[in-house]
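Take a look at the structures below.
Presented sequentially are two complexes of chain A, the first with chain B as partner and the second with chain C.
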Partner chain A sequence: MNRRLSKSHIYGWLLLMPAAIFLIAFTYYPTVATLAKSFFSQGTAIKPSEFVGLENFESLLEDDIFWKIAWNNVVYAVGTIPISIALAILMAVWVNGRLPLKSIVRMSYFTPTILPMIAVANIWLFFYTPDIGLIDQVSRNFGFASHNWLGDPDTVLGCIIAITIWKEAGFFMIFYLAALQTLPPELEEAAYLEGASRWYYFRRVMFPLLMPTTLFVLINAVINSFKLVDQLFILTKGGPDNASSLLLYYIYEVAFSFLDQAYASTLTVVLLAVLALIAIGQFVFLDKRVHYR
Partner chain B sequence: MSGMNRNTGLSFHLETAAAWLLAFLWMLPLIYAFWSAFHPPEYATKFDLFAPLSLENFRVAWDQAPFARYFLNTFMLVTVILIAQFILCTLAAYSFARFDFPGKSIAFALVLLQLMIMPEVLIVENYVTMSKLNLVDTITGVGLPYMASAFGIFLLRQTFKTIPKELEDAARVEGCSTLQTLWKVYVPLARSTYVAYGLVSVSYHWNNFLWPLVITNSVNTRPLTVGLAIFGAPESGVDWSVITAGTLLAVAPLLVAFLLFQRQFVQSFMHAGIK
Partner chain C sequence: MLIKLKSQAKKLVLAVTLGLGLTSTAFAVELTMYYPVAVGGSLTKIVDGLVGDFMKENPNIKVNAIYAGNYNDARIKALAALKSGKPAQTSVMFSIDMYELIEQGAIVAFDDVVKTADEKKWLKSFYPALMENGITQEKTWGIPFQRSTIVMYYNKDAFRAAGLDPEAPPATWDEMVSIGKKLTKKSGGNVNQWGAMIPSTGYPYWMFGALSMQNGQTLMNGDGNKTHFDAPATVEALQFWKDLGNKYGVMPSGTIEWGTLRQNFLEGKTAMMWHSTGNLTTVKKKAKFDFGVAMLPAKKRRGTPTGGGNFYIFKKSSPEERSASLKLIRFLTQPERTAEWSMKTGYLGTRADAYATPKLMEYVKDFPPAAVARDQLEFATAELSTYQTGRVRKLLDDAIQSALVGSKSPADALSAAQKQADRLLKRYR
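Showing the complex of A and B:
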């Protein structure tokens, strides 16, 4: 028994080893190194990197661009998450029901998921172009003046949010569709026999039963709102005047355009802290509140 | 019975119309891309039903950027990542599913951490690592951070756990070693999980952009997404029709595969999401 157990130890660790080496090299080590670097200054040719304590974090607190971008990220999250989840539920209910041309509709909803963000941003760029763009061509028919959607700080973030919702909703739909297919059909029949309206059935029966899925999708959506920045490279480069920049994009800029790795590491620590908060939130909420409130 | 009035009432027709309208809106970018790519440039922003069709934009796009090379790079990249992921994740998943060792639950929790801290977040530090390893601007360098995937380990572990232990015992009685048992019993029985994970992985890495942008800087390593971003940049002075043609070229293989195996794709994403 004892020998068998120790053999199991060895095999267990040996099988895990290759993956563990990769995870240590490209996830754990860089996480720790990032944390360490945030306490050092950026070395230059004349002045080598040295320990500066919390100095990087102090400049972070005084960095107006950082605060602007942090706020943008909050707006981006609040703008994308509820609408894409609501649309995803709506899509799933439609596609799961008795809709004519169901399979074509389902395909249309899902297609954005498999297209690269970079490629679709090229197409959306045309939609947003002033005068000749599709939005301006259509709105002109209704008497609206042409508008520089991506050039105006007031509308640019909304444009970024729109393309993200379009990209995400169909992906989230899949999870709702899978969940809906596990609901017993008798439930719906019984509700209607009792005279419940469709909206009542949705609100009191379906939505609570979909809660675990909603939680799973919600976590993914929150992570995405810190991860999905590809479209910025094509559409706005974070501009005008950082009005559409997001945290991960700013990290990229600071590290690879401004070549300040120390500050980029400090910004990464903020992003890691946000992700840690999400992880803790997931842990706390996962067991409670999932079923039937 | 109750289905009857739900299928004929006004609200049913309204809902159908709304669902179709949303589907049309969702397809609109792609519909526009096809319009613009298959018509001469003067029709890129002018919608005329009788506009002449043309393949000229595709020829121009193909000549203006090394798309053939980009295709090759992306193809090599997704292949290398997929093979490495299958091997690393299979071994680790088998360990978590069927072996007992001290520290197993902590190790598993650490693995799951990567679901939160994805390689995208660590671009700054991983770039430093790659330059130390002399792997900047190589396809290996693009692939390395993704090879041990927490998602793959988790997915395969769940599948392996559902396989009856008796099958493993039977293989052992017949004299199979640990790796032989894994190869002959577990891997074949987890086929549908491999297909699902493979499709998700290939579409993710076909579309991935930020890390490849950071780590590549030459035509010989750049994947399609990075090539496309350079090709479509306003500085390059290429017109709309050619950009949309290039865009369609880049997405074509994945899009065609998706249209052919739609059910498989949708089920894979479902399968991967439910766990």
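Showing the complex of A and C:
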């Protein structure tokens, strides 16, 4: 018995090993190493790295740029998440109905998701360009003066948010579309027989039934709002004066432009902590309100 | 099956080790060299060709030339290779990375590698302006290779249309304003053509290096441990940059995008632009109008920073590898090859005798803009480069942008940047 147990143990571990090795090498070890590094100073040839305790975190508290960027990230999250989810639901309901050329409409909504962000950003860069850009050329016909969209700290973050919504909404639409197709048509028929308006049906029947999908999409959207920074490399490099910089881009700058891995690790630890808190919050508080069938 | 696989794998491993052993014994020295490509084009082919020529001439040296992305990537890869214990022996990297590389203990000075009188003479054969980013602590750490400067591109047709002499581009700041005003064409509230554009995203500190030099002020000292961001002349230069947009109205206010500027110029939205010489070939190909290239204008004097990549030799290398690296670098910087390199890429010829070669003399005669960058070298200065260079550069970038978009005054923005730069650089003094 004992021998058989240990044999099946070994068998089990062997099955787990390939995945475990990769997870440890590329996820857990780097996470722990990052945490450890955030307590050490950045070493140079002259001055080797030494343990400094919480000093890196203290300088983070005094780092004005960090706070500005953290605030940018909040605005970015609040700006992208609700609108892209609302748009996704709207588009999904729209292409779920009886519609001529349905598959073409579905595909066109999904296209932004397929395009690589770097390519997309290069296109949008020319949309936003003052005078010669698409947006200015169109708005000129309506009598608006040309505007330096990416060069104005008041509009630059909005421009970045618009691209992200455009890119993400189609992706989330696919999940909603799949969820909508699992809804039994009897519900809709029953609601109409009872005289419910379409809005009432959406509000009291359809939307609650979509909640599990919404939770999934919400978690993805939150993670993306911290993770999607590719467009910054092309569009603004975080400027002007950090008005469009986001946390992950700042981490990249600190690590690979300033070559300060200690401080980059500190920033990463903070980002990880924030993401973990949000994820826990979502699961604990929202999960109770989600209706699973 | 498994057993069969195993034996095959063993054979493969054996073959690979033997193969490696064989190749490494066939060459006396094997060099690894990283190089970046910052502008488009078939640069990799040109480098491969040059390295191939070198190996033909030196059959006992094998060179692995590895394309390593942009300047940032090249630096990261070279430093990572250094830490991993399989370092490169020589690399082309950003000229302004010098202090960082010295601090990391990554590179050796060329003075410690050169031995013969001939080699020592070679060290002195480059344009002094191009050496500024390669010399500190009275030693030479970098040899100029792919180098550029800022020049002014201008639309001669637009000059003619405004009744200006197309052969007389602005030579001073005042002329830039007065000529710029004549070139700015408005209809209603919209501007159809701007007088000038100076890009302020991407590399604002580089453009600003030109403006402050023209006002007679460098941005840092030669030891790389003190910046002059809050000097009165520096503040004046930033004020002028801002005034071009806000006061004189010859340039759009706010920041101007580096990436789309060339397109603006090619579409006639601006009559003048300041940009890297690296754009020369593309503008030449795509411009549908008659264009000219001029030196940047002067306030107290003319001025531009240099830019681009230098050769470095890494410390983690044997004496044989170092002298082989030196041989390679000398080969690649011979006057004829420098001339060829300059013609094919648009980069500067790094030494005066390259411009004296028949090939390049002919080329310059046919295409005079190629000579503007060379003639401007006389007024050129080092690109902003200090210890902690990434951070210090960002301080200045942020200060410039916050002044241009109007959230801070030039004086406030620059003195705040100076204070923080002082804090970073104090321990290097």
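Convention: the second predicted complex is superposed on the first by the 281 of 293 C-alpha atoms of A that agree within 3 Å, B and C clash if a C-alpha of one lies under 4 Å from a C-alpha of the other, contacts with A are read in each partner's own complex, and residues count from 1 in each chain.
Convention: a contact is a pair of C-beta atoms (placed from the backbone, for glycine too) under 8 Å apart; a residue touches a chain by one contact, two chains touch by 3 or more.
All values derive from a computational prediction rather than experimental measurement.
Trainee: Should A:Thr113 be classified as contacting the first partner (chain B), the second (chain C), both, or neither?
Mentor: first
Trainee: Once the shared chain is lined up, is A:Ile132 touching chain B (first), chain C (second), both, or neither of them?
Mentor: Once the two structures are laid over each other on A, A:Ile132 reaches both partners.
Trainee: Looking at the overlay, what does A:Thr44 touch: chain B (first), chain C (second), both, or neither?
Mentor: Touch partner of A:Thr44: chain C, not chain B.
Trainee: Could you look at A:Phe256 and tell me whether it touches chain B, chain C, both or neither (first, second, both, neither)?
Mentor: So A:Phe256 meets both chain B and chain C here.
Trainee: Based on the superposed arrangement, let me know which partner A:Ala25 touches: chain B (first), chain C (second), both, or neither?
Mentor: Only chain B is touched by A:Ala25; chain C is not.
Trainee: Regarding the shared-chain residue A:Ala33, is it in contact with chain B (first), chain C (second), both, or neither?
Mentor: A:Ala33 contacts chain B only, not chain C.
Trainee: Does chain C touch more residues of chain A than chain B does, or is it the other way round?
Mentor: Between chain B and chain C, the winner on chain A residue contacts is B.
Trainee: If you stack the two complexes on chain A, which partner ends up touching A:Leu61: first (chain B), second (chain C), both, or neither?
Mentor: neither
Trainee: May I ask you to decide whether A:Asn242 touches chain B, chain C, both, or neither, giving the answer as first, second, both or neither?
Mentor: Touch partner of A:Asn242: chain C, not chain B.
Trainee: Overlap of the chain B and chain C footprints on chain A, residue-wise?
Mentor: Residues common to the chain A contacts of chain C and of chain B are 125-126, 132, 234, 256, listed in rising order.
Trainee: Taking the touch rule as given, give the residues of chain C at its contact with chain A in the complex, in rising order.
Mentor: Residues in contact with chain A: 72, 76, 79, 100, 103-106, 189-191, 200-202, 252-257, 259-260, 263-264, 267, 269, 388, 390-391, 394, 397-398, 401-402, 404-405, 407.
Trainee: Note which residues of chain B are touching chain A in the complex, please.
Mentor: 2-3, 6-7, 11, 15-16, 19-20, 22-24, 26-30, 32-33, 36, 45, 87-89, 91-92, 94-96, 99-102, 104, 107, 110-111, 113-114, 116-129, 144-145, 147-148, 150, 153, 178, 203, 206-207, 209-210, 213-214, 224-226, 228-229, 232, 240, 243-244, 247, 250-251, 254-255, 258-259, 262, 265-266, 269-270, 273-274
Trainee: Which of the residues in chain A end up touching chain B in this complex?
Mentor: Touch residues, chain A against chain B: 5, 8-16, 18-23, 25-31, 33-34, 37, 87, 90-91, 94-95, 98-101, 103-120, 122-127, 132-134, 137, 166, 170-171, 174-175, 177-178, 189, 192-193, 198, 216, 223, 226-227, 229-230, 233-234, 248, 251-252, 255-256, 261, 264-265, 268, 271-272, 275-276, 278-279.
Trainee: For chain A, which residues count as touching chain C in their complex?
Mentor: That would be residues 44-46, 65, 125-126, 129-132, 140, 145-146, 148, 150-153, 234, 236-237, 239-243, 253, 256-260 of chain A.
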